[in-house]
Amino acid sequence: MAIYKVNVGKKIFMVDVTDDQICVDGKPVNASLTPLNEGGLFLLRQDNRAREMHVQAQGNSSYAVMVNGRHVMAQVEKGNVKNKRRAEQVDAGALIAPMPGMVVNVLVKEGQQVNQGEALVVLESMKMQMQLRSPFSGQVSKVSVASRTHVEKGALLVQVAGD
Amino acid sequence: MAIYKVNVGKKIFMVDVTDDQICVDGKPVNASLTPLNEGGLFLLRQDNRAREMHVQAQGNSSYAVMVNGRHVMAQVEKGNVKNKRRAEQVDAGALIAPMPGMVVNVLVKEGQQVNQGEALVVLESMKMQMQLRSPFSGQVSKVSVASRTHVEKGALLVQVAGD
Amino acid sequence: MKVLVANRGEIALRVMRTCRELGFPSVAVYSDADRDSLPVRYADESVYLGPTLASESYLNIAAVIDAAKKSGAEAVHPGYGFLSENEAFARAVEEAGMIFIGPRPETIALTGDKLAAKRIAREVGLPVLPGRDLPVDEAIPEDMAKGVTFPVLIKAVNGGGGRGIRLARSQEEMVQMVAAAREEARAAFGDDTVYLEPLVKNARHIEVQILGDGNGQILYLGERECSIQRRRQKLIEEAPAPGLSLSQRHHLFDAALKLAEALNYRSLGTVEFLLDPQGHFYFIEVNPRIQVEHPVTEMVTGIDLVKAQLLLAAENQLHYTQEQIRLNGWAIEARVLAENPELDFMPVTGDITHLREPGGPGIRIDTAMYTGMAITSDYDSLIAKVIAWGEDRQSAIRRLQRALGEFQIGGVPTDIQFLEGVLQSESFQVGRADTTYLEDFQMVPSGEDSANQEVAIVAALIAHNRERARTLAAPKGESASLWRGAAWREQMNGH
Amino acid sequence: MKVLVANRGEIALRVMRTCRELGFPSVAVYSDADRDSLPVRYADESVYLGPTLASESYLNIAAVIDAAKKSGAEAVHPGYGFLSENEAFARAVEEAGMIFIGPRPETIALTGDKLAAKRIAREVGLPVLPGRDLPVDEAIPEDMAKGVTFPVLIKAVNGGGGRGIRLARSQEEMVQMVAAAREEARAAFGDDTVYLEPLVKNARHIEVQILGDGNGQILYLGERECSIQRRRQKLIEEAPAPGLSLSQRHHLFDAALKLAEALNYRSLGTVEFLLDPQGHFYFIEVNPRIQVEHPVTEMVTGIDLVKAQLLLAAENQLHYTQEQIRLNGWAIEARVLAENPELDFMPVTGDITHLREPGGPGIRIDTAMYTGMAITSDYDSLIAKVIAWGEDRQSAIRRLQRALGEFQIGGVPTDIQFLEGVLQSESFQVGRADTTYLEDFQMVPSGEDSANQEVAIVAALIAHNRERARTLAAPKGESASLWRGAAWREQMNGH
């Protein structure tokens, strides 16, 4: 027997799984799950309905689920345990590439004073240009990229030190 | 280095594979093979062409290959070795189910004298009825199935002993 | 209107697709074999029918009626095959207070009796093949044989769809075959009545799609040609029929209309004719249901035939007039079957290990196949229909050829290469293939030599790699990891 | 005629499909990223271009010309994007003795200069937005601002396709933005000339498909509406445009025809207009190439536009007259993009781990996606186009909704649910959405609560099973076998 706390679309579901029953938020549900292939496709039967879902595990406790063309994330926690892992602490002043792409322009230099919302870097990915802006006012403490270079997702672009 | 004798579509190809070259029937070919997924899809590049093939190994030396919508079998033998395995010897008088299906009718009884080409069993599979006939004249030595029963592919239906 | 689809496979999915477009909830039924089938996954809900054997599931009237009641369905669509031409089933659906999406039970009864249908057709003036519209009695073959010209066809009164037809070339053969035909008919249709029909040599099979409201309005939606048959099963169908004159077509439509009016026909139906080489038509039978080949009519008329059926059932009226039905371009369907062309096209079984469907302009795919699906011998061997539309016949043929070449099905052999061979043959290209065409059709071997050599290279490389893996790696557990691993990828790319 | 397709992705495959139907051998070109792409596998042969970076492969004129020469291609099809609107490329193709499948280089040059195109349009009497057809000079903003009504658009003379357009609401913003726009235009198009254009509020985007033989014959193939845009990129397109009067449509066609005649237009082109809420049209630009949204025109006209292009190139003549072009029904296209709707529709990367494409009546899928394909950030985020045809707009919408619901793409998030939300919104349904519609469009949360609970159950069961597997089985190597194993299957089915 195990209780799982599952977070889907900002809602919490308590799912209780035993060998012969599944309960959601205390209410028994008539459900069964069949893996349809080795690629992560599952069929959930509940009462008279059958719903296909494609599930990819992301790490130990997250699942990316595709259902009816919609992609949702499900976070699963063992309900009895209180071991919330802290999200990685990212330095708030670090401007990170939100996707891989080409740095079109670096608009600031190290040491430069910038205002909150001021564009620091122009990144282009898949035909789309986007301006990455300063999260707060402060000073540019580091510029890690140059124009016309390619960056990966998550790369540090510019570091801003708050005032 | 290894030479493979490959039988495809009633033709024999001698394929010589070394670390840096592939020769077919003595002539070098400019070919490379890329597996495209884990389901058996491959891409053969030869000169400027790329051809997709779906390959399923059947046992140790046979491959079912789907290419351009056509299904062909390839038999591979290590060329230097002469270890042809004998085909399974099937009793010539055994009437075997060529496919799974329903026995619609057994037309003979044990001990009955039958002529070559005489229908012995009517089998139905996927909407199609077929008459299975005696391979030669002789006597029915055994009837292994009854009407309205399901048989698997390869099941012995009737045994005929030659005159 | 909640619709239970009393069928399986591609036609069940096809009906459910239109249900979804209309906002009608759909209910799937399934046997053990079809527990995970696409229709089950597609439907809004599903009900278990019974064991795999069709007689205990899809042919089990009580089970289907129970499922329909249980699900609260308001209407039942029978698809084709199974219970679609079963009068008792249609009646049971209506008696349970649901709508049967198809003709009235009495129409099904009448069209199911091929002799009765011929009699009515004759009465209303349709051209019918000569010969008595009478059942033959096996006890008096000599008498019966009087006036029979050989070869002659022996058909089951309750048959149809090309099933159980025998050809007798002499009186002696006829006597033998009548007995065998009765036996088969009893087993297959529960009625051993058979009749004789003259063989029309080199006939073409032409059929007219009709749609009636059951209150006197009858529409015809053009004709289809289905002459490309193997073992009397249609393989390639098209709309319109090539080479018919305008007057021939109107003659056909008039005949179909007359018969449908005499039956006060409701829902979809097909009136089948033979066309002899002299250009004469003969009525054969009426199929009181949707046909496998209905998509070609949909593509040239732009009308969703299932939608027309469903809306008629829901609202009791048709949404078209004859003037609104316009034919546009050409459509051809090819049936993809799980068959082994090397073994006399025997149905085969296996798992679909790889699947890529054709796409792009003018191509429609109707299938309930998926990667990982098991092809069993429990039901028929149709695994997909590929339908191509083109602005003219030549364009449609080329598109169909293109699409068949794109269709990748791994795991079971199919008839795709055979279909391609037929499509590129001279007789098909000029539109002159008749129903005997495939009897002695020979594939033209077509530049496959280069492909054979490529296959040999691939097989040798894979064998080489397996051997190497066996030598280098752990000696056991090799099979599952055959096709994977970075080492393999690098090695093979390295060449 | 051997055709090199100087493009990638779905449009390369789409062109090759028609090549195959016509019996024209096709040649693919590819960058490092596209070595195993479907077009490479589909083409009769393929040539490597260069590194993944487009400027070193698909945008590298010398590399593409070399590839074409090497392959012995007789003609080059540029697709859309990349070099399709590059005058130098078209000229280089012709100078190398091959046919450029598109307009003459001078037409490309002229339509590429948006101000020049507007000038000609004005000369031949097309309605053009007021304002000077002059480049703006960043040095004299105050002077320039005279006579400008705000808000005003700043556009690159060599831009087009919605790229790099900025909206200035005041003179101050305009001065800043002109500088930024010039900077961006220089980087993107190699020319920093920009111009001003009045903003038409709540405009609809309507375009006319034209086809010319370059010898004076010009055909129009109806209009398309492409108002559903996000960040000025089209997302949903349809043909015809809803709610236009016959006289409006003829007015449009006449205008497109006049301009095409003035250009003695050759091959396919699109004349784009804005329609203001008062019903006035304004010419915007000409796209001298095939459009992403061309399938909707193909579906309502029945004409394969690529076939028309290829045959014109091969035979120097069109095979249609204006009278033969008839519109039939309605078609709508939805662009499926690899984007994360939760993160402001940012393009995403990942591998396609599962794929099932829609099918059945009236659905066309154009995609070069396959299971196992890597979606990278190297090129654009369009991964598939779903096009639905219906006998009327309502039927087409429902079919498109049905098809989007059937489309299963595992591995990367897509905009499918967003597309569904737009399709079911009131404004779209009644055909009144303009180009600003998506700016503040809010998804209506639609009965997803039950799906959320189902997702929760699935996630919990999988987590439960993984944990059990961890406890019971070998402690390591668990990840790969996560989804398989008979034990798991039995356990889960057992419930």
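The first chain written gets the first letter, and so on, giving A, B, C and D; residue counts start at 1 in each chain.
Criterion: contacts are C-beta pairs under 8 Å (C-beta built on N, C-alpha and C of every residue); 3 or more make two chains touch, one makes a residue touch a chain.
Remember, it's a predicted structure, so these values are computed and weren't measured experimentally.
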Remotest chain, chain C as reference, centres from CA atoms:
A
Any chance you could check whether A-D or B-D wins on number of contacting C-beta pairs?
A-D
State, to the nearest whole Å, the distance from the C-alpha centre of chain A to the C-alpha centre of chain D.
28
Separation of mean Cα positions, chain D and chain C [Å, integer]
38
Express in whole angstrom the distance between the two chain centres, defined as the mean CA positions of chain A and chain C.
48
Shared interface positions of chain B, touching two or more other chains:
34, 37, 39, 51-52
Could you tell me which residues belong to chain D and also touch two or more other chains?
370-371, 405
Note: in the complex, chain C contacts chain A through residues 27, 36, 40-41, 43-47, 71, 370-372
Taking the touch rule as given, give the residues of chain D at its contact with chain A in the complex, in rising order.
53, 163-164, 183-184, 187, 231, 233, 340-341, 343, 346-349, 353-354, 371, 376-377, 379-381, 404-405, 407-411, 413-414, 416-417, 420, 448-449, 451-464, 466-467, 482-484, 488-489, 492-495
Show me the residue ranges of chain A that touch chain C in the complex, using the header's touch definition.
34, 36-37, 39, 43, 47-52
Sites on chain D touched by chain C in the complex
13-14, 17-18, 20-22, 42, 295, 298, 302-304, 328-329, 356-357, 359-367, 370, 389, 391, 395, 398-399, 401-402, 405-406
Applying the document's contact rule, which stretches of chain A touch chain D when the two form their complex?
2, 4, 6, 8-9, 11, 13, 15, 17, 20-22, 24, 29, 31-35, 37-42, 44, 46, 51-57, 61, 63-72, 74, 76, 78, 98-101, 104-105, 122, 125-129, 150, 153
